[in-house]
Structure formats: structure tokens, C-alpha cells
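Note that chain A is present in both complexes that follow, paired respectively with chain B and with chain C.
Moving on, here comes the complex of A and B:
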């Protein structure tokens, strides 16, 4: 197995501390080393104060999202050698407040889902007999979106407008509109038919490129627009 | 629903220009988006310049003739070529954005880009040659 020393230039920031800066670490890697494993090695062997977030190690949980060499990726599935660069630059996701090092505050992300008043689990999917696990208020709907925030980080409009609803919440809204299963989707359509809603998107489609689970948020935003355009025409002609 | 938390980050303030124009490692669609913004800004500036130039007519034939002589200079013609690129690109990509933005053929947005911007580039090359030949 080939081994090589790889340099990692890691974004460092502590609240109340010095201004953000990059710190360089050298890690011995082989062809199976992922960026997440390398970062864990740094934390274990070189600097225990390095803060990162992770859980499943197989692209299911969406918690290890970060920018690797300037692109939004899940660190657990990016192999260091496949990047092909002698130095790997690792930074926290953009467009969410950074808490510490590679960890961002995800509250504005989840707030967008909640603000929609969108049911995370639809009535038709809810099993009366299902007991909600300890520590959870309710079950959340399981869809392709793993709520990793990579699309939000990649979106150039999120980098401009702090109140833009953003690709993830808009894509989730489309899921309900597309398949309402008895729900009234009109309030949701009203919500996204706004300056900060789906009309704020400027068709850069970087969300589609960043999404690790095939949600294609950009396509969903355009589907919402098509639906709203139809609705506006229907209203125009009094139907 | 309006009171969603802003995504403001005091540590990394939003930088629109960097957000729009930093295309390193980004996809073709982002390049199309950045170029659309750049040409939009350029065409807006041009519109004001154009109005300023037209105002030379208020000074009578002398002022206008001086400008026309300047406009025949090859360096000035090069600016016309840049302007032509801005116009044809913004028009072609604008048609794509309008179609995709209304949910028409949005799943084929990359193909639309190649076709429309391809046509625009052909028009640009023909136009650029004509600017210097005519």
C-alpha cells in the first residue's frame, strides 16, 4: 500500500480568539485515507483543539460537510489521493455562521424548514402506533435530502442575500407541492412566491453540483417557478 | 414565515463580488452565471456611456464628427468587439435563463447553454469580422 505525506491547510477560528487563519498540518496518508480520517488523525495526534463535526462515515448523515479545495464535499467520502493535490485546503461551509474551526451553526438552515411550517412527516405517513424515540419531539420525514447544507454553501446567491430561503428548503417545499398527499400546499407556494423565495435564484445551478444525494435542488426550484407561473396565468385569466 | 434567521456570519462577512465571480472549481453553470452578471454590469455602464456620447449631438456637427473620427480608430473598434460579445452572450444566456427560470426545459439547461451560446459565438465571430472589414 502506497503511503505519502500530504499537507493539510486547515481553517482555524475560535470564538473570542484571533482572526481566522489557516494552519498547516502534515499527515501520512494511503489510498484509502479520506479527508475526514486525516482530520481525525490531526485531532488525535497533533492538535486536540481542532473542531469538526461527523457521524456515520458513509455519506448518510450529512454532518461532515465542508469545503475541500474550494468545493463543497462530504469529507467522509473524499479520498485524499483522488484529489491529486500535494496540499489539501479544508474550510468550513460558507453562508452559515462559523462556530469553531470547521463547524458552522446549522440553526439558520433548519430554521428555514421550520419557517415553512412544513410537516416533516406527513399525516398519511404517520403511524399512530409508532412511539417517538426518547429525546425526539417528533419523527422527521425521510427524503433524499440529508440536510448537509452543501447546496446552501455552494449557492452564490446565499453569499449575497442573508434572508434568501435557499436551495435546500426550496427543494423540500417542492416535494410537498409535487406530492401533497392530501396536504394543502398553497401556503407553501405563497411562502416561496416572494423576493427571498424561488425568484431569488439566479440559475447558477451550483446546488445541483454540490448535492451528494441526488436531490437536484436547482431543478426543484425551477419546478416551483413553473408551478407559480402556471398559477399566475390561471389567476390572470380568472381561473 | 418571513422571520427566518439571516445567514449572516460575523467572522466571514458576505462578499457578493467574490461570491458571484469566484469561479475556481465551479461548474459550467456558475461560469455562465458569472459571465451573465459581468456582461450585465458592462452593458449597464455602456448604456450610460452611450447616452453621454449621444449628448455630443447637442454640441452640433463639429463635436459629433470628432467622435466619429475617434470611433473609426482600431483600438475603439476593439471596444466595439468587446461590446458585441457582451450583447450576444447576454442575449443568448438570457434566453436560456428565461426558459429555465420558468421551468421550461430546466432539466436540459446545460444543453441549452451549449446550443444558445454556441449560436451566439458564431454570431459574435461574424460580427467581429464585419466590424473590422466594413
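Moving on, here comes the complex of A and C:
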């Protein structure tokens, strides 16, 4: 296993302290070192005051979203060597209030998300031909969206208009429309059929690019638009 | 006004459940966690909601504890579990023969267990190793390792508890033989201050030895990490376990559209320095592909380590041995008042561990309130942020 020293330029900020600034640390890395592990190493060996969000370490909880070399990433699955740069720049997500260092306040994300009433559990689509085991109605699994906020951070509209509902909540809304599970999706469709809803998106798909979990929020926004257009026509023709 | 103030150190599943329990019992509760909530071992485990089958043959007490808590959690945290059940898969004649012992032991513990023929098993899980002889179906499930405990935090918070992430305990203040306050550093502002209380609960998991050392008591914990591997693709729908006597963790837990394979075990000194041995990652590929051959060719997503708190022998072990599966130490046996440690256990049994701890706390404080958490449906995880 090869080892190399890598320089990390990390965004630092403490409430009531000096203005935000980047601080440089040097960390010994190998092929397996992820940006998350490198940041934890900094915390252990160099500066115990550095804070960041993390939990699952395998792209499942969505807490470790940040900007690495200017791109929206989950720090737990980005290997330092694969970035290919001698210096790695680490910053908090955009379009969110920064609490301190790499930690953002997720409240605005969940405010929008709660409004969509997204069902967290869904039917599992794994292998159509598989039989469901006796005693179970159907296999259920958790939603693909891991609520990481990376799409919101990457979205340029979000940056200029904080009233925009944004890709994650719009994608969650589409999930409810697509698979309502007893929820009434009509008020949700009304909610997104607005200037700060799905018509605000400029369709360049930065969100699809940023999403680590294959949700393709941009595509879901297009599905919502199609659904709303259908609805409009149905209304026009009184059906 | 709440009669007592309980201060909990450690924001993993155990701390979360203790905070919820004591808040419902009517105490004022403050919990401090040095990082993000569930950033210790809790967020990082396999995500298996144990049915108890894994322990049924060798450790009935653990098995019964698991199935009890499994049933309670499904009731109080609906929506936090993938409803997928688990399979124990026999690949050799020896393992097939052992299935009788397993099914019988499960039934003795009250764990529903059903034997499936090779054909039945393959019909349900077409990706299984075709060499499968038979399988046993049990009520395992996949849990959301972070969001399930987050519901305990959310509910505690809405009932009045104060939850403080990014607050690290750096020292304890003692008055006479009693702990009277913790000294914390708020990492969001770099400020240090004290939080006083009537009882201090160390829920520091693999770090609980270090926290005990700050008070000067013996918490005989050694961090024992395990490696896990996540690959792309939901290679099975049920939790797939190897059916064998050793009970070692050869397991594939499907989580969302990933498959998580675990795990190994060794011992380290520093819970903040677990490492990630390359040969253990390879071992996971080997274990996993024996159960589901597609693991070998599946695309790598992540490999990581997480530390169990391994409980060793204790100098002054006159403590309350309330369970073999986890330990709740009242450090009064070392002459320290107002300080309790809860450690060991599993994510599956967090509520039960909290019940035991809260009982000890209430008894110490002379505050006899029964445990209210068995039927209390938890708020959704999103409520934590609202």
C-alpha cells in the first residue's frame, strides 16, 4: 500500500469568532483513505475543534455531504487519491446556513421535506421474478433519497432564490404522486404548481449530477411538469 | 419543575433511548455528544434489526432480549425498518443438519422460524449460492441505523429534553465523592462551560472507558472494531446470514439499493484510531460471495470500521450485573456518587438498555416512576429538525 502526504485546505468558522477562513493541514493518506477518514484524522491528531457531520460511512445516511474541490460529494465515499490533486479543498454545502466549520443547519431542508410528506418506506422493486417470502405482504425498503442536501447545494436557482422548493423536496413530491400509499397527492401537486415550484427549475440537471443515490431529482421535476400539464388539459376538457 | 436533572454523555442510540426514557419519566434531561448525533458506532453498524436467531442456540438470554425488543421497535418506530425478514442459509450438509437445532432453539426463545427447502429459498432469493441446501426464515429486518435512533432524539426533544451535538465533555467537576457537573467544550463556538446535574450517565459506547477515566472510575472497555463492506446493488431482498454454529458474522444486509457485508473482529486501544485492514475487506468479499456469488463482481461502494465496546473483567466488579448482554455500572461501588455507565448491547436493544439504566437512575434518586417507553410511538426522524 502506497502512502503519500496530502494537503487539505479546510473551511473553518466558529460562531462569535473570526471571519471564516481556510486552514491547511497535511495528512498521510493511502489508497483506502477517504476524505471523511482524513478529516477525522485531522480531528484526532491535529485539531480537535474541527467539526463535521458523519454517521454511516457508506453513503447511506446522507450526513457527510460537503463540497470537495468545488463539487458536491459524500466525504465517506470519496477516496483522496482518486481526486488526483495534491491539495484537496473541503468546504460546507452551499445554500444552507453554516453552523460551524463543515456543519450546516439542515432545518431548511427538512422544512421543505416535511411539507412533501414523503413516505420513507416503499415497495422494493428488486427482482420482479422473486417470490415474496411467506408471512410478508410484500418486501419493503427505504427510499433511495438519503436526504443529503447535495442537490440543493448544487442547484444554481436555489442560490439566487431561497423560496424555491428545490430538487430534493420536488423529487420527494413526485414520489408521493407516483406511489401515493393512501396520501392525497392533490394538495402537493398544487403546492409545486407555482412560481417557486417545479416551473422555477431551469433544467440544466446540476442536481442529477450531484445526487449520490441515483434519485435523479431533475428527471422527477420533469415528471411533475408532465403530470401538471396533463392535469391542466384534463381540467380544460372537463375530465 | 422537574425534580431531577439527568445529564447524558454520548449521542449514540443508547444515549438517545436513555434521554427519551428519562424525559418521559418526568426528569429534566440534557444530552451532550462531541460530534454529530450517531457519529460513533451507532450510525455505522450493519443495520440489522436482530430477530435473536443468531444467538438462539448459544445465548438464550440475548436471543429473548432481541426478539422482545425487535417486536417493540416495530411497534413504536413504524417506518424505520425495511420489512424484509432474514434467511439463515445452509451451504453444507453439516449446516443443513444444524438447522434443526437452530429452529428448535428459536422456538424455545419465542422467535418465529421456518425451514425452507432449497427451491423455496431460491424462489425468494434467486441470487443465493445455488449450492444452498436449505434455509431458515426468521423475522430479522434492515433498520435505518441513523434515522431509527434519531426518532428517539426527536421525541425526547419535543418532550423537553435538551440535545447538544458538538459538545464534548472535557472534564468532570466533583463535590466530595459526588460528580456535580461536566465541563464541556462547545465546538460550534470554541467556548467552554459547566453543566450541573443530579445524575450523570456515561453512554459513551467504545469511548466509555475514556469518559470513566476522567472521573477516575474503572470502566473496563476495550474497543473491538469490525470491518464492513458496501457494494452497489440490492443483491438480496432479505437479510442473508450463514447458518453455522460459530455464529460469526457472515451476513449480507440489504440497505436501500446497496448491500452491506460484515464483519470481522479484533481489538485496538484507541477508539478514534480503528484502521481498515485491507485483508479484512477481502475477507468480506469472500464471506459475502459464498452466500451470494454476485458480491464478487458487484461494484465497490465503501469499506469502513466500527468499534464495539468489548467489556472486560473489572477490578471492583461488585456492580449491578443486570444483564450479560450489556452492563450498567453504578460507580458508587468505587465510592463515586452520581455517576452511572451503560455500555455494551446492540442497536436493536437500545430501548431495553435505556429502561434498565433509567430504572437504576430512578432507584438511586428515590424517584419511582415505571418505564413508559414500551408503547410510546416515536415521532418521525424529520421531527428532530422541526
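The rule is short, and it goes like this: the second predicted complex is superposed on the first by the 212 of 239 C-alpha atoms of A that agree within 3 Å, B and C clash if a C-alpha of one lies under 4 Å from a C-alpha of the other, contacts with A are read in each partner's own complex, and residues count from 1 in each chain.
Following the convention adopted for this analysis, a residue touches a chain if its C-beta (ideal position, glycine included) is under 8 Å from a C-beta of that chain, and two chains touch if they have at least 3 such contacts.
Note that the coordinates shown come from a computational prediction; the quantities given were computed from them, not determined experimentally.
Student: Just to be sure I read the superposition right, which of the two partners does A:40 touch: chain B = first, chain C = second, or both, or neither?
Tutor: second
Student: Return first, second, both or neither, reflecting whether A:132 touches chain B, chain C, both chains, or no partner chain.
Tutor: Touch status of A:132: second partner only.
Student: Which holds for A:236: it touches chain B only (first), chain C only (second), both, or neither?
Tutor: neither
Student: Could you look at A:107 and tell me whether it touches chain B, chain C, both or neither (first, second, both, neither)?
Tutor: So A:107 meets both chain B and chain C here.
Student: Tell me which touches more residues of chain A here: chain C or chain B.
Tutor: Between chain B and chain C, the winner on chain A residue contacts is C.
Student: A:227 in the overlay: touching chain B, chain C, both, or neither? Say first, second, both or neither.
Tutor: Only chain B; A:227 stays clear of chain C.
Student: For A:53 in the superposed arrangement: first (chain B), second (chain C), both or neither?
Tutor: Second partner only, chain C.
Student: On the A-aligned overlay, A:18 touches which partner chain: chain B = first, chain C = second, or both, or neither?
Tutor: A:18 contacts neither chain B nor chain C.
Student: Identify the residues of chain A that lie in both the chain B contact region and the chain C contact region.
Tutor: In the superposed arrangement, which is not itself an observed complex, chain A uses residues 107, 111 for both chain B and chain C.
Student: Inside the complex, what are the residues of chain C that reach chain A?
Tutor: 35-39, 42-44, 47, 79-85, 112, 114, 123-127, 137, 142, 144-147, 166, 168, 185, 187-191, 228, 230, 234, 236-238, 254-258, 260, 272-273, 276, 278, 281, 301-304, 306, 380, 382, 384-386
Student: Can you name the residues of chain A that touch chain B in the complex?
Tutor: Within the complex, chain A touches chain B at residues 13, 20, 69-71, 94-98, 107-108, 111-112, 115-117, 152, 156-160, 162-166, 191, 196, 201-206, 208-209, 218-219, 222-227, 229.
Student: Which positions of chain B touch chain A when the two form their complex?
Tutor: 1, 3-12, 14-16, 18-20, 24-27, 29-30, 32-34, 36-37, 97, 100-104, 106-107, 109
Student: Quick one: in the complex, what on chain A touches chain C?
Tutor: Answer in residue numbers: 1, 14-17, 32, 34, 37, 40, 44, 48-49, 51-61, 63, 76-77, 99-101, 103, 106-107, 109-111, 113-114, 119-121, 124, 126-127, 129-136, 139-144, 146, 213-214.
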